[in-house]
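Two complexes, one shared chain (chain A), two partners (chain B, chain C).
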Partner chain A sequence: MFNYNFRWGQALNSLPQMLEGALVTMEIAILSMAVGIVVAIVLTVFRLSGRRLLAAVATTWVEIARNTPALFQIYMVHFGLGSFGIHLSPYLSLLIGITFNNAGYLAENFRGALKAIPDTQARAARSLGMSAGQAFGSVVMPQMLRISFLPMTNQMVWAILMTSLGAVVAMNTDLYGVTSELNARTFRTFEFFAMAAVIFYLITKVITLTARLLAARLFRY
Partner chain B sequence: MIEIENVRKSFGPLEVLKGINLTVQKGEVLTVIGGSGSGKSTLLTCINGLEPIDSGRIVVDGIEVHAKTTDLNKLRRKIGIVFQQWNAFPHLTVIENVMLAQVKVLKRSKAEAEAEAVRQLKHVGLSDKLNVYPSRLSGGQQQRMAIARALGMSPDYMLFDEVTSALDPQLVGEVLDTLRMLASEGMTMICVTHEMKFAREVSDRVAFFDKGVMAEIAPPEELFGAPKDPELRKFLAATH
Partner chain C sequence: MKTSILAAWAIAATAVALPAQADKLDDIIASGTLRCAVVLDFPPMGSRDAQNNPIGFDVDYCNDLAAALGVTAEVVETTFPERIPALMSGNVDVAVASTSDTLERARTVGFTIPYYSFENAVVANEKVEMSDWEGMKGKVVGATAGTYEAIWLEGKVKEWGEGEFRPYQNQADVFLALSQGQLDATVSTVEVAEANVKSGNFPGIKIVDKAPMVPDYVALITLREEYGLINYMNLFINQQVRTGRYAELYKKWVGEGEPADLTIKGVYR
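Let's look at the complex of A and B:
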C-alpha cells in the first residue's frame, strides 16, 4: 500500500531554483507590506478626516479586504481588471492583491491602536501650536505604529504565505510557483512540497525573530 | 492682555459658561477656584481656542481667538497650557518632548531647540532626566516636564489647570514651587487650583466660579478674608 520511494536527490538539486523563488516571495511580501502600511495610514487618516466620502472609501476597502477570500482579491486584480482591458502581469496582480489585503487588515489594526491612545495626546500637541497633521504625524502615529507592531509582524507572515495564492493567476516565479512547476515536471510531489514548506517555515521564523529584535531596539520606552 | 467679554458656552443643553467677563493684565497672576463642574477647565480651553464658544469674545493681545480669520496654531504659541492629566508624549525622551514643538512649530534648528530644552528643563529641576522616557518619571516630574515643554515655546501666557490634583500629596510641593518661581519671574498666569494656601500666596487676584458664573473676583486677602458671595463662603468653609 505504501510504496512511494523517496528520492530527495532530485529535489535537492533543484534547491537553488527554489531559493530563487523564495527571494521573489520575500520581495513580494516586503513590497506589499511597505506599500500596505503607507496605504493603511492613508486609510486611517481618511477615517479620521470627518469627511464622509473619504471615510466611506476607507471603510469599504477594509470591509472587502477582511471579509472576502484573499484569493478572490488577487483573482479580481488579474481577471477582474482584465475584463476592463487592464491586463497586469501575474507578478503585479499578486503584488497588488496582497497589498490590498495588507492595507485593509492593517488599517483595522491601526483603528484599534488609536483607541488605546488618549485624546489628551493630540490635545496636548495642538496646545503647543502643532497643526492637526503635525499632531498626528509626530505624536499619534508613532504610538499607533508601536501598538500595532505585533499585528504588523503577523500580517507580514501572512503576506509571505499569501504569495502561494499566485497560483490562481498563473504566477510561476515565486516559491510556490517554482515548486509547482518542478512538481509538474517530475511528480516528486512530496519531496518538493516538503522542501517548500520548510523554506516557508524558515522565512516566517526569521521574520518573527527579526521583528522581536527590532522591537527591542526601536521601543525603549 | 487677555480680555474675556460676555462669553457663553454650552455643551448640548448644559450651559457651562454663563456670560463671563474678565481681563487679565500682562504680568498678572490670576487663580481660579470653584466647585467641580463650575466651568473652570472649559474657560481655559476656550482661551486657547481648543473649544469654540457660543457668544461673546476672547481677545488675546488684540487677536480675537474665535474669529474665523485667526490662525489658532500661531496664537497658541503665545499661550502655554498644562493640564491636570499628565500628557507627556510617551514615545519621546524628556528632552525630545520639550524639543518637538520648537522644531515643528517654531522651526528652530535641532541645536537651538536642544539648547532651549536643556535650559527649561534645568529651570524646572530636571537636568538629570534629559534622556529618560517619561514612563520613568514620577507624576510631579511629568508635570514639571510639561511645564518646561510649554515654556520652551517662549509663551507670553501660561494656563494651568489643576496641575497638582492628580499628584500624590508629597509631590504637590515641587510643582507648586515651580509655579511660584514662574510667578516671581513675572509670567502672566491663570491657575485653576484647589490649593487655597498657594492661591493666597501667589495671586494678584482670585476668581471664584460657581455654576458657570464668576461669582466673585478680588485680591486674595479680600476674597479669603472677607468673602461676600454666600456660595463662596460655603465653598471656603468646606475646603478648610
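Let's look at the complex of A and C:
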C-alpha cells in the first residue's frame, strides 16, 4: 500500500533551481539537434556518394547509433574515451553522446525521405545544367528536410528526454541532475520527481507545438 | 429528529469502519517476514558473493533484526536513491542501508539511533600533487551521488569557489574515473578507500589524508510515523552493541581494530 504524505513546500521552493536545470537540458537538446542534423546530412551524402569507404563509415555510424542503448553510447564517450586518456567533461560527454545518437537516427530518417523523392527530379535538375552537388543542395535536400520534418521533432523530444541519462557521466546541472541531487539531500523523492516529470512534459509539449506551427508556416504549398 | 437519527447512523458507521490500529511492528510480526532495503554495491556493508548471494555487514544486520523479531529476513536490493521510494511504496519495511542521519532527511523519514559510523578518506590519482585534504581546492573532485561525503564535498567546492564537483552514480564509477585521471581526487569511506587501493582493480590511486568531516553516523530508517518500530530498533541496536555482536560483525566485515564508538560524549541519544 502506498503510504506517503505529499509535502510540496520544499519542492516548490526549489523550483527556480529546477528551472535553471531545465534551461541546461534545453540547451543540450538544441545543440545536439543542430549539430546532429548537420552530421546526418553529411552521413547521407556519404551514403549517396557511391564511395565504398565513406558509405561504410556512414552505415557503421547509423548501425551503432540505432542498435545500442543511448545510455551505453554516452557512457562510452566518457569512460571509453577516458581509458585512452581523452577526458571530456560531463557536459561535453553528454552532448557528444546525444549528438551521436541523433545523427544516426536522423540519417536514417533522411534515407527514408529520399526514397519518397522521385529520381526523376535529380535527373531533371541535372538536365537543366546543375552539377550533382547543386541538384542535391537546391532540389533534393529541401524536399528531404520537409518530408522528415516531423520525424525530426520526434528526435528532438527524444533528445530532451535523453539528457536525463547524463547522470551516468556525473552530469549534475541538467534538470535530472538537479532533481536527483535535491532528492539525495531531502529524501522528498516523489515531490521532486513528480515536478521534474511535469517540467519535462511541458518542455516537450512546447517543442512539438512550436514545430507544428513552424511546419505550417515553412511548408505551405 | 431526522438529523439525530442520521447522526447516530454516522457515528455507528464510523465505529465499524475504523480498523483496529496495527502498526508496522505488528504487521511485520504477523506477516512473518522482515523486508530490508540493502545497497549491494557498497562493500563491505553490502555486496554479493561468487554465488550472487547478498553478503555484508548490512545483510547480517538485517538477518539479526529479523531473528530478534522471530521472522525471516528478505533482502531487497536497492540503490542509494531508491531506498526512499522502496520504503514509501511499502516494498520494504526498513532500510538497512548505511543511511546518514542528516537533519534535512529526518524531516522526511524516521531515523533510529546510529548503528555504525564511517570516517572518510581523501583518495587521489597518483599523478596529482596532493599532500593533505586541502590540496583538493581547485581540483576536479567527485564522489558517489547522494552520499554524505558527496554532499560535504560539493559544499566544500562551492565554498572554495574554484574547481569542479562531479557526482557519479556508483562507487565503482567514481574509482574508475579517478583511476583514469578524469577525477583528481575523491572522498570515500576509509573502508571503501582501503579495499579499493588493496584490490588493485583501480591502479594509480593513493590515500592522501583523512577528510575533516564530522563522522558519518548512519542509522536504520523506516517511515517517520512508525514509532513502535523505531523504538524497537533503537533497543535492538543497543543490544547489538551490548552483547558484543557489533564488534563481532565489525571484525567479520571490516577487519581488526576497534569499531567506532556510537555514543556522543556530553549528550543523550
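The working rule: the second predicted complex is superposed on the first by the 218 of 221 C-alpha atoms of A that agree within 3 Å, B and C clash if a C-alpha of one lies under 4 Å from a C-alpha of the other, contacts with A are read in each partner's own complex, and residues count from 1 in each chain.
Throughout what follows, a residue touches a chain if its C-beta (ideal position, glycine included) is under 8 Å from a C-beta of that chain, and two chains touch if they have at least 3 such contacts.
Because the structure is a prediction, the values reported are computed rather than measured.
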**Q.** Fit or clash - chain C, chain B, common chain A
**A.** fit
Q: Answer with first, second, both or neither: which of chain B and chain C does A:Arg126 touch in the superposed model?
A: first
Q) Where does A:Phe79 make contact in the superposed view: on chain B (first), on chain C (second), on both, or on neither? A) second
Q: Identify the partner contact of A:Arg220: answer first if only chain B is touched, second if only chain C is, both if each is, neither if none is.
A: first
Q: Considering only the touch criterion stated at the top, classify A:Arg146 as touching first (chain B), second (chain C), both, or neither.
A: first
Q) Roughly what angle, nearest 10 degrees, sits at the C-alpha centre of chain A between those of chain B and chain C? A) 170
(Q) Going by the contact rule stated at the top, is it chain B or chain C that touches a larger number of residues on chain A? (A) C
Q) Thinking of the overlay built on chain A, is A:Ser180 touched by chain B (first), by chain C (second), by both, or by neither? A) second
Q | Shortest CA-CA distance in Å separating chain B from chain C in the superposed model | A | 49
(Q) Can you tell me which positions in chain C touch chain A when the two form their complex? (A) 80-81, 84-85, 88-90, 102, 104-105, 107-109, 142, 145-147, 150-151, 154, 164-169, 173, 176-177, 180-182, 223
Q: In the complex, go through chain A and note every residue touching chain C.
A: 1-4, 7, 10, 78-79, 82-83, 85, 87, 89-90, 167-170, 172, 177, 180-181, 183-190
(Q) Under the stated contact criterion, what part of chain B meets chain A in this complex? (A) 48, 50, 73-74, 76-77, 80-81, 83, 85, 87, 89-91, 100-101, 104-106, 133-135, 146, 149-150, 153
Q: Spell out the part of chain A that touches chain B in their complex, as residue ranges.
A: 118, 120-121, 123-131, 134, 138-139, 142-143, 146, 219-221
